[in-house]
Structures are given as C-alpha cells and as structure tokens.
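Below, chain A partners chain B and then partners chain C, in two separate complexes.
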Partner chain A sequence: MLRFLVTRLSSSLVVFVVIAIGLFVLVRLAPGDPADALVPLDANPGDRQALVEQARVQLGLDKPLPLQFVLWFGNLVTGNLGFSFQTNQPVAQMLGDRLGPTLLLSGTALAVGLLVALPVGIAIAVRRNGISDTAVSSVSVIALAIPSFFSAMLGIWIFAVQLRVLPFAGMNTPGDSSPGDLFLHLVLPVGILALAVAASFIRYIRGGMLEQLGQDYIRTVMAKGSGPFRATMHGFRNSLIPLVTVLALYIPLYFAGAVVVETVFSWPGIGQLAINALVNRDYPVIIAFGLYVAVLVLVCNLLADVAYALVDPRVRSVR
Partner chain B sequence: MTGTTERTRPMRPSLTRRRELVPPGRLAFRRFLRNPAAVVGAVVLILIVLAVVVGPLFVPWDPDVGELIDARQPPSAEHWLGTDLIGRDELARILAGGRVSLTIGFLAALLAVTVGTVVGTLAGWFGGVADAIISRIIDILLSVPAVLVIIVFAGILGPSLPMLIIVFSALLWPQSARIARSVVLSVREQEFVQAARVLGSRTRYIVLHHLIPGVLPSVIVAATILVADAVLSEAAVSFLGAGVQPPQASWGNMLNDSKSLTVLTLMPWLWLPPGLAIFATVLSTMAVGDGVRDAIDTRRNA
Partner chain C sequence: MTVTEPVLSLQSVNLELKTPDGYVRILRDVTFDVAPGEIVGVVGESGSGKSMTALTVMRLLPPKARVQAARIGFDGDDLATTSPRALRRVRGKRIGMVFQDPMTSLDPVIQVGRQIDEAYRIHHPGVGRAEARAQTVRMLELVGVPDAANRARQYPHQWSGGMRQRAVIAMALVNDPKLILADEPTTALDATIQAQVLDALARARDELGVAVVLITHDLGVIAQFASRVIVMYAGGVVEVATTRELFEDSRHPYSAALIQSRPGAHRRGEPLVAIPGRPPLMTDLPEGCPFAPRCASPYKSAVCVTDRPELERSVDGRLSACHFRDHHQEVVA
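== the complex of A and B ==
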C-alpha cells in the first residue's frame, strides 16, 4: 500500500509540472506583447522602442524560454504567483481572498447534494420501476437538463423578482454581515448547484446499485438468510467503486468555482475572479486559476485512487 | 392456445429456436420502442434537428441583422417569438443558434466518446505502463478547466466553430475513457474473463466478446451525457462570452443578452425560448440514451 501511495504521489507531481509547462507555453503563445502593453501609448515614438526593450528586460522576457520557465516555476513553488496586470495586487493574495466564498458555496452545495442523493438513490434502486423511482428519476433527469444559468435566472425571477423573498446578488447585504443575512444569500445559489449535484449523483448511485443488486452474490447473501437491508448494504459497498471515480471528477469542477453560478449571482468567488481575468486578459490570474484547479484535481484523483484500493482489494493487488 | 398448435409444437422445435435467433440488435430495438419516454425523446430530438436544419428556409428574417426600429417587440403575427434588443427576429435566431449548438454538441460528443472508449478499454485491459501513461494523460486533460482553455484558445486562434468542437472533444474524451477503463478494470478480474483466458482465448476475442459488451451500456449512457454535456458547455461558454461570438447566434449567447434584470422581468420572450430549447434538447438526448441503455442491457430487463 505504501509503494502504491508513493508511485501515485510522484506521478501526480510529474503531472503537475507538465501542466505548469503547458500553461506557461500557452500564455507565451497568446497574442499581444506584455512588454509593449506596459509602455503608455502616448510615449514619444522615438523613445518607445527603447522603453519596450527596457520593460522586456524588467519582465525577464529577454531570457531564453527554458530559463524563463525555470525562474517562473521557482517563484511558483515558493508561493510567488506574480502580480495581477489589472490591479497590481499579488495573485496569491487575490486567490486566497476568493477561496473562502467559493469553498463555502461549493462545499455547502456538494454536501447538500450528496446528503440528498445517497439515501434517495439507494431507495429508488431498491424499489426500481416503482412510482417513487419513476418520479425521482424523472425529476433528476429534468434537473440535469436545465442549464445552470437558466435555472439560476428562473430562480432569480421566481424568488427575487416575483416573490421578493430572497436576495440574488453577492454574499451580504451592504452593511449587514450577520450569519442570517449570509444564509439568505446562500439559499438560491446553493439550491441551484445542489440540485445539479443531487440530480447527477442520484443517477450514478441508482445505476451502480442496480448493477450490484443484479449480481449473484446478492442472491447468495439473501439465500444465507440476510434481510433485504443487509443485502442492500452489501451491494452499496460495491457500488461505491465507480462512484468514487465520479466523485473525484466532480469535486474539482464545483470547487474550481461554479463559474456560471458565481457569475449570475455576483458571488465573490474564484470562478468570478477567473472570468474577470479572462475578459481582461489578466494572464497571471488565469495561470494561477489553472494551477489551482490542477492541484485540486490531482489531490482528488489521489484520494480517489486510495479509496479505490481500499474498497476493492483486487485493484490493489493488480499494481 | 388451440389444440392444433399444442399437438404440432413438439414436432416443430424450429419454432422455438427461431424465436431465439432474432438478432440481439433487433430485440434491443423492439425493447427501445416499448419505452415511452425514450420514444418521445427520440421524436422530440428528431423534430428539433429537423426544425434547425429546415426551419430557417421558412423564416423570412435574417438571424444576424435587425432593424433598430423593430427592437424589443413582444411576440406577434409578424415576429412569432418577438424581437431582441437590436430588433433581430428571435425565432430566426433560435433556429440559427440551434444549428450551431447542435453541431458543436453532437460532433464533439461523437469524437470524444470514440476516442475515449478505445483508449479507456485498452488502458484497462493492458494495465501496466500503458495504463499508467494513459491514466496520467487523462489526469492532465481532466485538470484543465474547459472554460479556461476555451477562452485562452479563443484569444489565441480567434473564436471559431472547429476550435470549440476540438477543444470540447479534447476535454470530454477522458470522461468516457475513465468510465470504460473502470468497467474493464472490474470486468477483467471477473470469473468469466479469467475462464476465457484459461481456455486460451486470444486478446482480440476477449476484448470484442467480453470487454466491449460489458463496457457498451456504460459508454452509451456516457455518450448521451457527453452530448448533453457538450450542448450545455457550449451554452455556458457562450453565455460567459467566450464561445460563439455575436452577431452569430447560439442558444448560450442569446441568454447572455438577458442577464439584466430589465430583460429578466419585462421581456421573458428573450430568455425563455433559448433556455427551453437547450432544456428540450438535453432532456430528449438523455431520454434516448436511457432507452438505449435499458434496451441493450438485458440484465436489467430480464
């Protein structure tokens, strides 16, 4: 198991470096010259060329690309993510400021979604093709088919415009930072995200459970005198194997900032930061966002692999 | 049953055998037709495809050009779905936008699922170094957020349809590859596969007769999720202003114009139709996928 962990961890590190190289190259391929952009347009045309060259040296852009990468990567590892083109703030600090709201929004949504999906998914798999199964499956399919910005707009239209019961923008009413106010601001965005989370997980859980409940060992367990509950739990353990993979795929997506929901609700999270940066071509922020997501995915993958090996000994023995 | 058939049956065993000889594909098709949700989904999907392919021929308005004097009109006999903020016919834009959204969705999903199934199955079966490398590639691609890549690529190459399709399929194939791989990982350790190996079956035989049939139901469900995913992602990216660029319409960027509270409150004809169009397309795609899965996977219908 220890060897398994070490191999996984080291390969994750290699992947991280590859991603960093990819992002570095991608931004260098982007149109526009950052050195040129630093020099004011109204500078004396004669001096301008010299000023641009000076800026290039200042930014380190005159050095060969591999050296630029090594310098940049060294800064990165020591936590220096550079400065935003737009605000001149340190990028690491900007990212840190936005992390809390995103974790709050996505974490709550993920937790609420999973708490709904687990019992419901198992229950409808056990009573498959019953009324409850048909109803829940239909609702979850419908919820999955609604684009999140459309459901967000519907939510705002119903609860904020027509009923006027919920706020629809930001985290707090200006001047009011009470937990109650924060909770009210959370309801709509969390509801819309959790709906999507629950809908997709109910499908996966139901599918996985049906797969397992059709297996011979369930019949064996029943034949040996276990009640339906114990048999279901046997199946549930095995249905976790594919579920773990799905979860590893979904957590980063939500934690990277449910970009759309954050945009619609003006939620001050990482997703909104990224969209602002992309609109303004704020490359240091974009890179930082990319690296943040990469780390998140690699960590989740690592956790998924470990969990995979824990729940299915056959996987462990293969490697 | 009449007495005659009862008496003749033992003499004609071919009758019963012929029933078993119906090709599995046709049996699956029959099961699909018995699933009302799937049939309705298929019909709706065909109607939507027909509408966006043929529909523009019957709408006299240009989807990209409007008269400012016609702006913000509610639905009328002249403009069935009203006009948008700069006077373009909403129906014409829905149909034109549908062509764009559906092309991106189906092409991207087809590319992604084909690559994903092949790569995932091989990785799961062969294991070892090949699997390790492929899994790492999958990790790399999965860790790149689609929105970021599309905006960065759009900034470099200029936004274009082929670019959107390539980036989507490049980012979506790992999902089906992972699903195919995880199915193969658990199937290949099951007794019937081990038995086949002991009996000396060739790899190609095992892959075609034991692995692919096991992978197929999950991958088909994955494929419909990918179509739905691609349509939804295109909509999201265009909604955020990084996908299909105005004046060209797509269901996503039509909703982008409706983010303002004024439009949301006073002009529902501008944001309900494109939202409902995405919803109907995705919903019917998923219904068809569910129907196909239930029709193919006999274990669930036995």
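== the complex of A and C ==
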C-alpha cells in the first residue's frame, strides 16, 4: 500500500508540472493583451500607448516567454502564485479567501445531496418498477433537466420574494456574523445544488444497486435464510465500487466552484473569482485557478484509488 | 423393511412464471420423495425444470411466480403453506442450497469465512463471532479445505473454483440441515475437480446424515453418487427409479435415450448418439405425451399423441409417465 502511494504521488507530481506548463503557455497564447486591459480606455490616446508599455514592464510581460515561465515556476514552488493584474493582491490570498465559502457551499450541498440520494436510491432499487420508483425516477429526470439558474431564481422568488423567509444574497447579513445567519444564507444555494446532486446520484445508486441485486451471490444470501434487508446491504457494499468513480469525478466539479449558483446568490466563492479573472484576462488568477482544479482532480483520483482498495479486496491484492 | 417418513415429499407441485406474454407453466404436477440421508439424483435436459423444482422448494423464485401444490412436505411441515417469514427459518437452517457457479455465488467483497459465519449467525442470534467461526472452520475442514482457519480470512477471488464450491457446501452444511439441494454443483468445474467436490458432498452425507438432492445433467455423476434417480422432462417427472433400475431396465423412452446418449456408452469410432429434436417449448406443449415427437420407442403408438400419460406405477411397481411403463424401454437405432 505504501509503495502504491509513493508511485501514485510521484506520477501525480509529474502530471501537475505538465499541467502547470500547459496552463502557462495556453494563457499566453490567448488573444488579448492584459497590459492593455489594465489601462483605462478613456486615457489620453497619446499617453495611452506609453501607459500600456509601462504596465507591460510592471507585469513582467516584456521578458522572453521562457524566462517568464522560469520566474513564475520558481515562485510557484515557493508558494508564491504571483499578484493579480487587476487588484495587485497576492493571488494565493485571493484564492484562499474564496476557498472557504466554496468548500462550505459545495461541501454541504454534496453531503446533503448524498444523504438524500443514498436511502432513496437504494429504496427505489429494491422496489424497482413500483410506484415509488417511477415517481422518484421521473422527478430526478425533471430535476436534472432544469438548469440551475432557473431553479435558483425560482427558489429566490418563492422563499425570498413571496414568503420572505430566506435571504438570497451573500453569506451573511451585513453586521451579523452569527452562525444562525450564515445557516439561513446557506439554505437556498445549498438546496439548489443539493437537488442536482441528489437527482444524479439517485440514478447512479439505483443503477448500481439494480446491477448488484441481480447477481448470483444475492440469491446465495437469500438461501442462507436472510431477510431482504441483509441481502440489500450485501448489494450496497458491492455497489460502492462504481460509486467511488462517480464521486471522484463530482467532487472536483463542485469544489471548483458552482459558478452559476455562486453568481445568482452573490456567493463569494471560487467560481465567481474564476469568472471575473477570465473576463478581465487576469493571467495569474486564471493560472492559479487552473492549478487549483488540477490539484483537486489529482487529489480526488488519488483518494479514489485508495477508496477502491478499501471497498474492493480484488484491487487490494493486485497491488 | 421399515417405512421411514421421507424428509422431502413433493406432491403435485405446479409452478407458473410471469413472462411478457403472460403466465407460463414451468412445473407440472412434480411429485417425488426424498428419504432421510439418501442422495437422489435429478436429471433432465436444460429447461426440464430441475433447477426450478429446487428453487420452488426454497421459494427463491422470481417475483410474481405462482406456486400451486398439493403438498411440499418437509420434515413435518408443509412448505407450500408456510409463510414467507417462517420460510426464512427453513432456508439455510433446515435446507441448505448449493448453486451451480461457485465463481459468482459468493459475495466478492466479503471474506469467505465471514459469509459462512453469517449463515450460522442468522440462525443462532445469541452466538458470538468466535463460536460461529469455530463452526465455520469445522465445516470447511469437513469438506476438505486445507488450512481452513487461515483460508477463511481470504476473499473469494483468492480461492479456486473447486475450493469455492467447497465453501458453498460448507455454508449449506453449517446449520446441520436435514436436506441439501445441490443445483448442478459441479457443472461449472473441470472434470478432475468435479469428483473431489462430489466426494466432499458424499462425505458430508456420511458424517452428518443429510439428504442430498443432486441436480445434474451428467448421468455419470448419477451412476456414481445417487441411489435413486428422478428423471424430468418438460417440467414434469417422467420416471422415478433406483439408479440400478434406471440403467438396467428403464421404463421411459426418454430415460433410455438419455442413457444411450452418454458419451461413455457409445463405441469408439462411431458418432455420439443424440436425442433428435429439441425439448418442447413450455408455451407450446403437445396435447399427448410431451416426449412423443422425439420418442424412438418401438411401443410408440397413436395413444401417445392423444393422451398425456401420468406418473403411475407399472404392474411390477415401477414409476413412469409412459403408457408402456410395463415394458423395458430401449431406443431403436
């Protein structure tokens, strides 16, 4: 297991460096000039050219590309992600400020969605093709088909505008930083995200369970004299194997920031930061965001491999 | 000779399964007895209802299956009228079951020993892990698993097919049942392993006195291990005989044809003998004897096509579902 971890970690590192180079090059290749974007358009046309050149030197963009990369990568390994072209703030700090809200929002949504999806998915698989199965499956398709900006606005309209029971913007009411206030602000965005999570996971769990419940070993368990509950648990234990894969794909997706929901609810998360940086060609922030996603994906894949070994003894003995 | 009460007694067991085209009758008036401690073979082609008979006794049937039976007598109870809850206390405790494919009949993510422990603990609620494991190891040793205590901590994929089937047999035996239903227990195993696994089953019978219903399509297995044989065709029993009677003086042309089509029965250099045609579809059974279209008996006559023969005694007491059960049956070449 230890050997496995060391090999996997080192290959992850190589992948990370390759992604870093790729990101750096890709962003430089993108059309548009960040130095130009930094200087106000209404500046005196005569001075403007000089101002743009000055900005270019300030940002270090006048140096040859390989040199820019070496400087940037040297900073990266020492934990310095550079400074935002836009705000001049350290990028690491900007990212750090946004990380907490995103992890809180997406983490809670994933947890809530899974907590709903697990029992419901298992229950409808056991009663396949029954009324509950048909009803839940239809609702989950509908929930998946509704775009989140629509369900978000519908939620705001019902709970914030009509019923006036929930806030709909930001993380807390200005001047009130109590956990209760934070909780109220979480309800709507978490609810919208969790709905989508639950809708897709109910389908994955149902499908996985149906596959397992048809296996021969379930019949063996029944032949031992066990009840349906025990047989279902055997099936569930086995259905975890494909579920780990799906989860490893979903976690980076959500922790990279739920862009739409964060935007609708003015949630100060990473998704919003990334969108702003993209619109303003804020290279250091774009690159840092890309690296953050890369790390997320690599870490989740690593965790998924460890989780496979935990849930499937066949994987364990191969290594 | 004292008459012993049979451990299992099927009387007119009928089974219908739901298909997209409606209900189809799978078993038709299946009737036979199994005496305590005996090994009874059940033979027949694929689709003859052998496995379904076993699954009907255990009531491990697909949803919406319909069972109608005069009686499924087992050890003093009638399983045909037993509630599903009470049946759970029969399954695995008083009747053990061994399935065909040991590669798929064990849960792949649970240690082999734990799966056997589970079978024991389901029926012994107060018992601790250690005691269950001791029983598990005893059973694994009985069926010939070497180093049982250590191997019990391994997972199914670490066991060979033959060893896994021993584990399934140990699981079926762990609660000291009266009866084992073995559904083609060696079909998925290669020939050298087959004999070892069947020996393990026979040893269990000798030491624990458990009766075994051995479902197979291999007459060689029957000849070697079973004392009596039930021959099934198209969902019904066509002949019940001792193994010797069946091989020397079969009273149903289907039994005779089966015996003659054994690979061991043909002469070197000649083609293998096969029964012409195929078993009838259960949705489309002929009006008379279901075997009539394929029958090669010299006695075959018009009555075979018009009247369905029931399983009845011949003049000399043999059980056969052939109009000509009083005659020795042989296939005319």
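Note that the second predicted complex is superposed on the first by the 278 of 319 C-alpha atoms of A that agree within 3 Å, B and C clash if a C-alpha of one lies under 4 Å from a C-alpha of the other, contacts with A are read in each partner's own complex, and residues count from 1 in each chain.
Just so we're on the same page, a residue touches a chain if its C-beta (ideal position, glycine included) is under 8 Å from a C-beta of that chain, and two chains touch if they have at least 3 such contacts.
As the structure is a prediction and not an experimental result, all values here were calculated from the model.
With the two structures aligned on chain A, chain B fits next to chain C without clashing. When the two complexes are overlaid on their common chain A, residue A:V161 makes contact with chain B while staying clear of chain C. In the superposition on chain A, A:A196 contacts neither chain B nor chain C.
Of the two partner chains, chain B is the only one that A:P252 touches; chain C does not reach it. With chain A used for the fit, chain A forms the apex of an angle whose arms reach the C-alpha centres of chain B and chain C; rounded to a multiple of 10, it measures 60°. Of the two partners, chain B and chain C, it is B that touches more residues of chain A.
Using the contact criterion defined above for the overlaid structures, shared-chain residue A:V120 touches neither chain B nor chain C, since it reaches no partner. After overlaying the two complexes on the shared chain, residue contacts for A:L298 are found with chain B alone; chain C is out of touch.
In the superposed model, A:S148 makes contact with chain B only, not with chain C. Using the contact criterion defined above for the overlaid structures, shared-chain residue A:V39 touches neither chain B nor chain C, since it reaches no partner.
Overlay on chain A (Cα): least separation between chain B and chain C is 5 Å. Taken together, the two complexes place residues 241, 312, 314 of chain A in contact with chain B and also with chain C.
Those residues of chain A whose C-beta lies close enough to touch chain C in the complex are 215-217, 219-227, 230, 234, 237-238, 241, 311-314, 317. Interface residues of chain A, counted against chain B in their complex, comprise 11-12, 14-15, 18-19, 22, 26-27, 29-31, 138, 141-142, 144-150, 153-154, 156-157, 161, 207, 210, 214, 241-242, 245, 249, 252-253, 256, 259-260, 263-264, 274-275, 278-279, 281, 286, 289-290, 293-294, 296-298, 301, 312, 314-315, 318. Remark: chain C residues 58, 60, 88-93, 96-97, 99, 101, 104-111, 115, 118-119, 122-123, 155, 157-158, 168, 171-172 touch chain A in the complex. Considering their complex, residues 37, 127, 132, 136, 139-140, 142-145, 147-148, 151-152, 155-156, 175, 178-179, 182-183, 185-186, 189, 221, 228, 232, 235-236, 239-242, 252, 255, 258-259, 261, 264-265, 271, 275, 278-279, 282-283, 286-287, 290, 299-300 of chain B touch chain A.
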